[in-house]
């Protein structure tokens, strides 16, 4: 069963609202290669696991647990990019200008219609998350090769999305997740190494210099690219696989460690213009 | 962040395979009113919460945490209904009969093509889970009214699905979830009562006699229909709302308690016919 | 604006329940070439009409009005095919047999889960009706050619679905609609004739002998294949187009007439097993 | 059966074209909580009605009939916002500028590709209307609670969309529909009151001051927020439910009245640039 | 079986990048009436052909073969419109400006996230290509009438998209395809003439003066609007149908000829910013 | 450009109709890991190719060309499984039995409604083919790793589908495609070996003994599992990659050869019951 302690896995760095950045960051939340996909894919792969080699089930479930925290991190980042992005209420402006007409120009209009300026389970094009994306054929090699492609594509997309805004809130979250996708790419590559593959210098995919992303450096220095966090309250066999040399061409030793300390969840204020939460008169 | 202790929230009662039952039970997993929907809806509602009345956020997140365990329970139940449901391997039968030709007759063929006789993120008609189902408009009253409808529909569907097979594995899980949907219906109805509504004798919806479902009785006797389990490792304000009289016409007092003890996760054997997990030669 | 007088456009002929027939008849309701498509396509074409030749707008709207009644007729037919198709309630049968296990074998399970044994806005494969099917490009020739294809395909599908059950409820409705699709095929072919086309012996498509369908004969004798019903409460210019020789190779004169007399809407009984309507205790 | 008298249920107030407003207003037409959804949901609920309490069927059908007119009103409003929004034809401008390049910048490009600058059955994000949105489980309480959520969400979205443009065509239609959604919210809340619920001050949701929307005032003064229009040509039992005190915290008495007088349907001119209707050479 | 000789069916005329044009041109590639639809529709119609009149199968397959080349032409055109449309790499600009923030403003963001600034199987609204669009009911008249509508709609959409940018790369491809859609409209209209229809002056739809599109003229002069290219390496009976007078109101004689000479496929450079193809370090 | 010579890439072995087998074989045609996906994925990857290492583009296009022939082979196989599977026409049977009521029991009803007993672009669950499945991120390593997963999953699914019927038509096609997927898995694995990877004994996935499938043996004896057919009419650089040792644990040398000789395309008879092709009266 699943337990929770309030707190985010990385910080929400303050910056200005940026609804265009919120729109494209949705790919990382609800896109075909986003965090909801990784979370649900590893959930199904671990629940449906067959056979006696339970160290692989522990590995799949271990990454699944971290992905739930990733989803919450991206939700919170999108919320921070949207918060305060609209104008004031009815009557606060002249007849020629509605408070949201500028906000929606390069935004996903559903952020203001279906959400109260908050995250949605959709991608950068507004397409809803779809269960057919979950890959779980039950053949462990096929499943883990797909996981390698999924994590590689996740980091490839994040390096492309990173170029779409200089907003610090946006880039801090992307920087953290780039490093963690890198780690998870290594996790599944490492697991396949235990089956005999020698990846040579194939990973990481894409073939990028992580030092070009200043937000990534502190995490690399902490070794987060070669670490798997352990969210289990009971024993796990994950360390049987995740030990020794990293499969990355950049080398390093793999470790399993405790998760980072929690970062505070930002408070989102009332938003009367969106009638959210809409309880004002009732409690006062 | 999210932590895990291995174990299911209710038992997987053994019975024979029943792929037709597995097919319809998918509605409870990946359908529009199934457990993946409740899990993701409350996840988004709690992460996107606005305003100062944090007891409601704790309530939304509290139910979310239990729903993750519900998803795992239904995945495991479907797996048990599918396991051993096919025939043997190639060459084990005569030319006129393939090992899976009978199995797929009333089954979802994807259970044997995309899954290795295991659960999928789809509904009873094979339609994949869809993010557009998540309702989170950020207006707390609208969100909680939708949650009441969602839980009412969940239990209504489960009472209908219950009639589709007498299989004990199938009915034990449905019985447990009927009681828990009943509890969650009460949770959101109770929260709306704190805003002034008097539901009279409206709930539970549907208007059914829970004693007709023998699998439900033991849970009702334990008070599970008026209890919310607490999966938080840190303090929660959920008890400010969930106390006093239940909104159900059947009465009772609401409580917040520890989760039940874990039930064992059944082992799923190798399935060579599905090439799952497919590691045989590698580890031996 | 839209007005209503209770009654169906053709009778619901009584016969036994037939859930497999209900499943395939859904194509005629919610399929890509079904009655919901024709209804919504002509609705958009008439509301979005451009230009001065308003007799064409009246023609499009005239067929739209009839299609609403077609949708209601197919809904009612599916309801009649599903009603009483399941078993009795919990406890009425032994442990080896659930009341719905037989019913769902060749049925759409959603007829028993999402509907209370009643019609759904989906096709024969369970795919939901989709707005992208509506064709309305605003070029009148393209729109009307598409309407000819739509009506031709509608009747082609209905002659194929007709072969899937001998049930009288099922075939009476299909027989009526085959004749009306034939009429609407003629309507749009006739409108294109006013633009100069000579169809020779192309229509009707498919090239079938309507006398092979005994349910069609009475309608052909009443001339329903060359008639457009008029549901307007105010004047219409539809008769400027729908007069003179039919474009069908079978000949005849086109007329605009009053709709047929209303047929009674069958009463659907309470269905306690589906908790529908679920008001028993409240009114008694 | 369904009859028609030409005319809109509210006026199309003239203003300039505004394709960005047309894009977001599509949510109100083809969105998950738009007028096509309410129309089709109440259509299925009334056609599939079970049981003897026919006053509820009359109520469901009564609101359905009005929703057809709402769909036509929003179609016509979108058409007015799009008409004349593009440039002139080929060759009318220099090589550096195409007549539609500016128009599509903040528009839904399908308004100019699939429609001849006219409405489409899609939402504000361009997603087509989908039959899976229709909620009709046949349990009357569940169905009517869902209807309350649907109408509450409809009005919540409309108050948010209202902020996206000051265009008078756009706001007049939204103002009218906000009041009618309010009335329909009251209709279903009232129906649930006859089953014993006391809503206290819960409604309307959202908790807004309708006087902030100047377009709403004239309709409130006419009592349109506590009235149901009657589009039946034969007797209806709807008045058995819709009488006495409104369930709204703003009070008032419920009435059933005749529909408002028809407003003229605006003429849409030929649009040669879109080849619509494209008949020029044929009739002249 | 299918053979290939490298080369495009028309030239890629050089001009500046134009991501907004690339976005709308996607309709012509992956839209409901785009080249992927025509390609797959004629593929299924020819593979599933029934009956002895094989000259029609040869005709369907003949057009299918050309459509593969059309798909490749539009892919290459979109690539040319996107290439070099983004900024430089990380660190090349100040903190206030990310290299892609301007590029994505009026673009499909997936062109930069899922593609390396290259074409996608989606429409102008970002909706993925969908198999349900393929029309192949096996009734030859219905299938060919649908093909006429498909080609008419294709050319209608292209004349509308043409107005959305003056870019020469964009307009050259559209001009070529307008003429070819015109030819294919004539192909299917001609085939229906062999069944007796007299189209009078109905075609081409839309009713446009092709001389208004300067890019079309050279192709009309070469007779491409009344020609079918033959891509068969073995004999074909297509000429039995495609001979004699064109069904177009503009007249002319139909011919079957060899395809045009190949045009060079443009080279797309490495794009380090998109990590494409990402092999730099490995081969150097 | 694309050229055609009539003939199938493998034979259609005659056996009885088997509509249940046709239904599941649709996965291999229109499923997420079926032949339409491989065809379109390699088409986009080759058209959108970036960079100077054109031997990889030739490799991607080379496999694409073969996949078109695979699509045609599966279409023809499904047609053979459906042909003659229904009963006779109207009036040929008693009132209690319609000619198609038995045929549709375990079939996809759309095979008889939308197709004239012929193939459709859908999967085994009836879901239409979807463009979002195409993976083409433009990073060559990510693209080719995805291709390895795609081919591995294709063969894994085919070995599972193979168990669903003993029909010889069905198994001959699956046997041929299992060997070819094996070859294409080797193709992309080999290409990744040129970048340094050592796959050890990972491939083929799944880890199966191909000799268990009697239909595969003749193709293995011809070396088809380590061969790429060349469909180019002009020079190709594919041989720079596809030479030397196969990456399979079963060893062998890779070759590039001419395609096999064409097999005859079976004739499909008229089917009057489906009104296909429906030309009878016109040509006689």
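Each chain carries a letter (A, B, C, D, E and F) given by its place in the written order, and its residues are counted from 1.
Note that in this section a residue touches a chain if its C-beta (ideal position, glycine included) is under 8 Å from a C-beta of that chain, and two chains touch if they have at least 3 such contacts.
Quick caveat, the model's predicted, so the values are computed rather than measured.
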{"item": "For chain B and chain D, chains touching each", "value": "A, C"}
{"item": "Where chain B and chain F overlap in contact partners, by chain label", "value": "A, C"}
{"item": "Taking each chain's C-alpha mean as its centre, the one farthest from chain F", "value": "D"}
{"item": "Farthest chain (mean CA position) relative to chain E", "value": "B"}
{"item": "Interface numbering overlap (same over half, different under half) for chain D and chain E", "value": "different"}
{"item": "Chain centre separation in whole Å, for chain E relative to chain A (CA means)", "value": "38"}
{"item": "Length of the line joining the C-alpha centres of chain A and chain B, rounded to whole Å", "value": "25"}
{"item": "Multi-partner residues of chain E (each touching 2 or more other chains)", "value": "32, 114, 126-128, 130, 132, 137, 139, 141-142, 156-157, 195-196, 201, 205-207, 274-275, 278-279, 282"}
{"item": "Pairs of chains satisfying the touch condition", "value": "A-B, A-D, A-E, A-F, B-C, B-D, B-F, C-D, C-E, C-F, D-E, E-F"}
{"item": "In the complex, chain B residues that touch chain A", "value": "1-9, 30, 36, 40, 43-44, 47-53, 56, 61, 65, 68-69, 71-72, 75-76, 79, 114-122, 128-132, 134, 136-142, 195-196, 231-234, 259, 262, 268-271, 274-279, 282-283"}
{"item": "Touching residues on chain E, where the partner in the complex is chain D", "value": "20, 23-24, 27, 31-32, 106, 124-127, 156-157, 159-166, 201, 205-208, 212-213"}
{"item": "Chain F to chain A touching residues, read off their complex", "value": "32, 127, 130, 132, 135, 137, 139, 141-142, 145-146, 148-149, 152-153, 156-157, 192, 195-202, 205-207"}
{"item": "Contacting residues of chain C [partner chain B, same complex]", "value": "86-87, 89-91, 95-101, 104-105, 108-110, 112-114, 126-127, 273-275, 278-282"}
